[in-house]
Amino acid sequence: MRATPLQRLLSFIFGWGAALLLFFPIAWMVLTSFKSERDATSPGLFFAPSLDSYRDVFARADYLSFALNSVVISVGGTVLALLFAIPAAYAMAFHPTHRTRGTLLWMLSTKMLPPVGVLVPIYLLFRTAGLLDSRSGLVMIYALMNLPIVVWMLFTFYKEVPNEILEAGRMDGAKTAGEVWFLLLPLTLPGVASTGLLSLILCWNEAFWSLNLTSAGAAPLTAFIASFSSPEGLFFAKLSAASTMAVAPILVFGWFSQRQLVQGLTFGAVK
Amino acid sequence: MSTTSTPDATLSGSEAEATRKVGPLLVMPSVIVLLAWMIVPLVMTLWFSFQYYNLVDPTTRGFAGIDNYAYLVTDPDFWVSLENTLILLVAVLVITVGLGTLLAVVFNLPFPGRNIARVLAISPFFVMPTVSALIWKNLLMHPIYGVFGALASTLGLPPVDWFAQFPLAAVIAIVSWEWLPFALLILLTAVQSLDHEQREAARMDGAGPLAQFFFITLPHLSRAIGVVIMIETIFLLTVFAEIFVTTSGGPGNATTNLAFLIYARALLQYDIGGASAGGVVAIVLANIVAFFLVRSIARRLEV
Amino acid sequence: MARIPRDGIIAVVAGAALMLASTGVARADSTITIATVNNGDMVVMQKLSSAFEKQHPDIHLRWVVLEENVLRQRVTTDIATKAGQFDVLTIGNYEVPIWAKQGWLVAMDNLPASYDVDDLLKPVRAGLTYDGKLYGLPFYGESAMTYYRTDLFQKAGIKMPDAPTYDQIRGFADKITDKPNQIYGMCLRGKPGWGENMAYVTSLVNAEGGQWFNMQWKPVIDSPEWHKAISYYDDILKADGPPGATSNGFNENLALFSSGHCGMWIDATVAGGLLYDKKQSTVADKVGFAPMPTGSFVGAPTWLWSWNLAIPASSKQQDAARTFVTWATSKEYIQLVAKENGWVSVPPGTRVSTYASADYQKAAPFAGFVRKAIDVANPDGQTQQPRPYQGAQFVAIPEFQGMGTQVGQTIAGTLTGQTTVDQALKTAQAAADRTMHQAGYPKK
């Protein structure tokens, strides 16, 4: 589509305006993290940048261990969810029964329950199973937590695979589910990738289970943040520094993978 | 998508046989773990909801009958929390879908630096809710240190104390900021898939930009909007971190939603019985919402 | 083990157990998990704990440092379900007797002579004693006092009396408020929570002759005394308070005062050390101190809080935990902080010896005020009408956390004009009635 210069100008103004507005809070957080605590109390743009806050934060908490936990738990939860979800979504898309639709929606409805409603039962179960403060416990929780969304997203991908391809495959002699599966894999890889990315982001940012089921050993970055929110004294710069450090890995990761994420994040909405 | 018919229609007898065997077999693992994940805590929650069970007062234990439920529904905060849950849900949906559609159209037009602008615009989606809430509360909306307050005073206006004067609106603003990028992403993909020839034809017919938007773009987006509504609803019904960090459900009960009410029961009053009753109500509510979603949206998604 | 003779009795107890174990097998190291609040003094403790690990190479420390509210829900869930995630808990004098009664805590008896348990401040020690035994050791303690800006008072030509009343304070606040320059005459806690706004409000209500429950455990919130107290609180904060009062807890007010935005502030004495610290405060040389104001009922319970280290009965490392707890609350630790960070930064409000130290008195001119405030805090005393419960700025029953926070939300609603004082007190009364009824009071 050709655009007139006026159109281009308008979309430039609106597009960049919206982008800067939406990004402003994050930019401001990063900016504040380089201020001294005294400068951070006044919203000025000019100040002597310092790394003091980062130094303080590093001195007080073992950032790398928190970050490592975040990575391990998020990746583990995502992989586990995909392992369960891929066969399920495949079967639902290619071998639907009259119960498929109901099953899918029931799965989704399990996500609408506030997690705090089942905290004590889960805590008791985890205590009994010895899973408190363990990465594997959180991996399980995260896999289950994201399973409905992951199944549904994959399901919509598989549904978009033209039936003719399967037919062709069958004619070539791909009789078993396994063979069809290998035929499908390259076709749906972008879908699996973007589903995995979404799940990764959701795991990284989850702040209820990670706070309540861990103590020292398996605590991820959300617990790291909870030790910097509203301590005594002036804390805005330190809070900003800690926040920046907690958000940076996933943000940078998100920027680099956004093309893959965007490609697949359609939930079957594109016809 | 090239076909909308279900695969069943093309299956021969033996393949239908295979479907009967393979399908359930593959779905089973997911369903079983989800069932376990749902059922075990659900049964425990149901059981606790009929018990007197206070974590910090083990002396009062025992069968409570429907006391916990009676206590819940006679609590004035309960009805307010349902109302707040719905207001939050609807407001955020309207804002994110509305602005998301507009932005999707803008970001579909060519302009210099579009890709970078798009990356910046979707960034809030990657920020953890706790951090978003902390930034908004302390660095932006704080009436003394915040940016908004400073802007207001350069305009000669008194600073607005957001979380006291407009608490629910402030929470809605934060949650919308987090979810607008998600709506934008999905809607943008949908806009991009819109057939250029279709639009070109409409232009030839003399349809103005507005008419094009309303008669071509919007109907084309209806499926994507349905998806956004569905996914966001799932998360918005359980908004918690943003409220916990900023207002703790107040002032009064102005920002208490159902998730926060249950939290207050469970982890402020340690009344596990009462919290469990709240949890059961939340499950019922979730199923009602799911039912409406099925009727209004999921049908169009051919799920 | 015997190489630390001053830990005498512990060494004997632990040693005896060790003798048995170490006859054949080498002693295993123990790792203890410490749950603590992210307050300044605890952060210092975490930093200085490397000295402890050097002294005790066989004990390794793991830290869980969380914001107060999150920490409280974590440790409560854990101890109530006996999950045993933590070996050392940081809890308040509100929790200690309640949890001790449930049998959740290990008694801190048989302390070594070098610990000098009689050196602990009496009111603080009494708050941690249940059934004649100590169940937690105080890390720092506080009462409350009035902070004010000497420069602003001078400019306004007023003088803070030695024992101010609430009426006088109101007048001062009006005089020094300068809103265009973002100077607010009075900062008070407004953030809802039993340990936030309700700590101050409960103390204020006590001062005006009110109380939470009558002798039949019936809530008496809908009373003229509460009405007077809350109206005062609303009026002064609306007229002279900072914007955003409902989000201000202790930390936020501390930030406001130390960045020069408050004329007066009535809050915990522990803020003294922080306000006086030039590194953390822009008004360090302009801070004045006065006792907490008095209302119509003089001698009411005012404020007594301590953060304490306690050991849960579910801990599997009780000996190592005890070694740490006695170290972190010892005189030796206070000396260590004084050496590393200066006397003004030592954890206050726990030991007579701290207040007797000439160095401390010199570094912390408010020390005498604090000591006196703690001595007259009177947490077990009576309100104007007799009361069945204890506690100065809280009510020492398990139900208070939930109820206090709920009432705190309602009171915060009056600050924003969401409800009137009358309405709020009715709502609060109803909520408290419901909670008490549900909890089965009056208990037989």
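Per-chain numbering from 1; labels A, B and C assigned in written order.
By definition in this document, a contact is a pair of C-beta atoms (placed from the backbone, for glycine too) under 8 Å apart; a residue touches a chain by one contact, two chains touch by 3 or more.
The shown structure was predicted, so the numbers you read here are calculated from the model rather than taken from an experiment.
Colleague: What pattern do the touching chains form: line, ring, star, complete or other?
Modeller: Looks like everything touches everything, fully connected.
Colleague: Which two chains are joined by the greatest number of C-beta pairs in contact?
Modeller: A-B
Colleague: If you average the Cα atoms of chain A and of chain C to get two centres, how far apart are those centres in Å?
Modeller: Each chain's C-alpha centroid was found; their separation is 39 Å.
Colleague: Starting from the mean Cα coordinates of chain A and chain B, work out the distance between those two points in Å.
Modeller: Chain centres of chain A and chain B, defined by C-alpha means, are spaced 15 Å apart.
Colleague: For chain B, give me the residues that contact two or more of the other chains.
Modeller: 55, 144, 149, 267
Colleague: Send over the residues of chain A in touch with two or more other chains.
Modeller: 41, 119-120, 124, 226, 229, 236, in rising order.
Colleague: Pull out every residue in chain C that's touching 2 or more other chains.
Modeller: 73, 77, 81
Colleague: Spell out the part of chain B that touches chain A in their complex, as residue ranges.
Modeller: Against chain A, the touching part of chain B is residues 1-3, 5-8, 10, 15, 18-20, 22-27, 29-31, 33-34, 37-38, 40-42, 44-45, 48, 55, 103, 106-107, 109-114, 116-132, 134-136, 138-140, 144-147, 149-150, 177, 180-181, 185-186, 188-190, 193, 196, 199-200, 223-224, 226-227, 230-231, 233-235, 237-238, 240-241, 245, 258-259, 262-263, 266-267, 272, 275-276, 278-280, 282-283, 285-287, 289-290, 293-294, 298, 301-303.
Colleague: Inside the complex, what are the residues of chain A that reach chain C?
Modeller: 37-38, 41, 59-61, 119-120, 123-124, 127, 132-133, 211-212, 215-217, 219, 223, 226-236
Colleague: Would you mind writing out the residues of chain C in touch with chain B in their complex?
Modeller: 73, 76-77, 80-81, 98, 102, 182, 191-193, 242-247, 256, 261, 398-399, 401-403, 405-406, 409-410, 412-413, 415-416, 418-419, 424, 427, 430, 434-435, 438-440
Colleague: Inside the complex, what are the residues of chain A that reach chain B?
Modeller: On the chain A side, the touching residues are 1, 3, 7-9, 11-12, 14-16, 18-20, 22-23, 25-26, 28-29, 32, 40-43, 84-85, 87-88, 90-97, 100-101, 103-122, 124-125, 144, 147-149, 151, 155, 159-160, 162-164, 166-167, 170, 177, 201, 204-205, 207-208, 221-222, 225-226, 229, 236, 239-240, 243, 246-247, 250-251, 253-255, 258, 261-263, 265-271.
Colleague: Quick check: in the complex, which residue numbers of chain C touch chain A?
Modeller: 33, 35, 38-40, 43, 46-47, 62-67, 70, 73-74, 77, 81-83, 85-86, 249-252, 254-255, 258-259, 274, 280, 282
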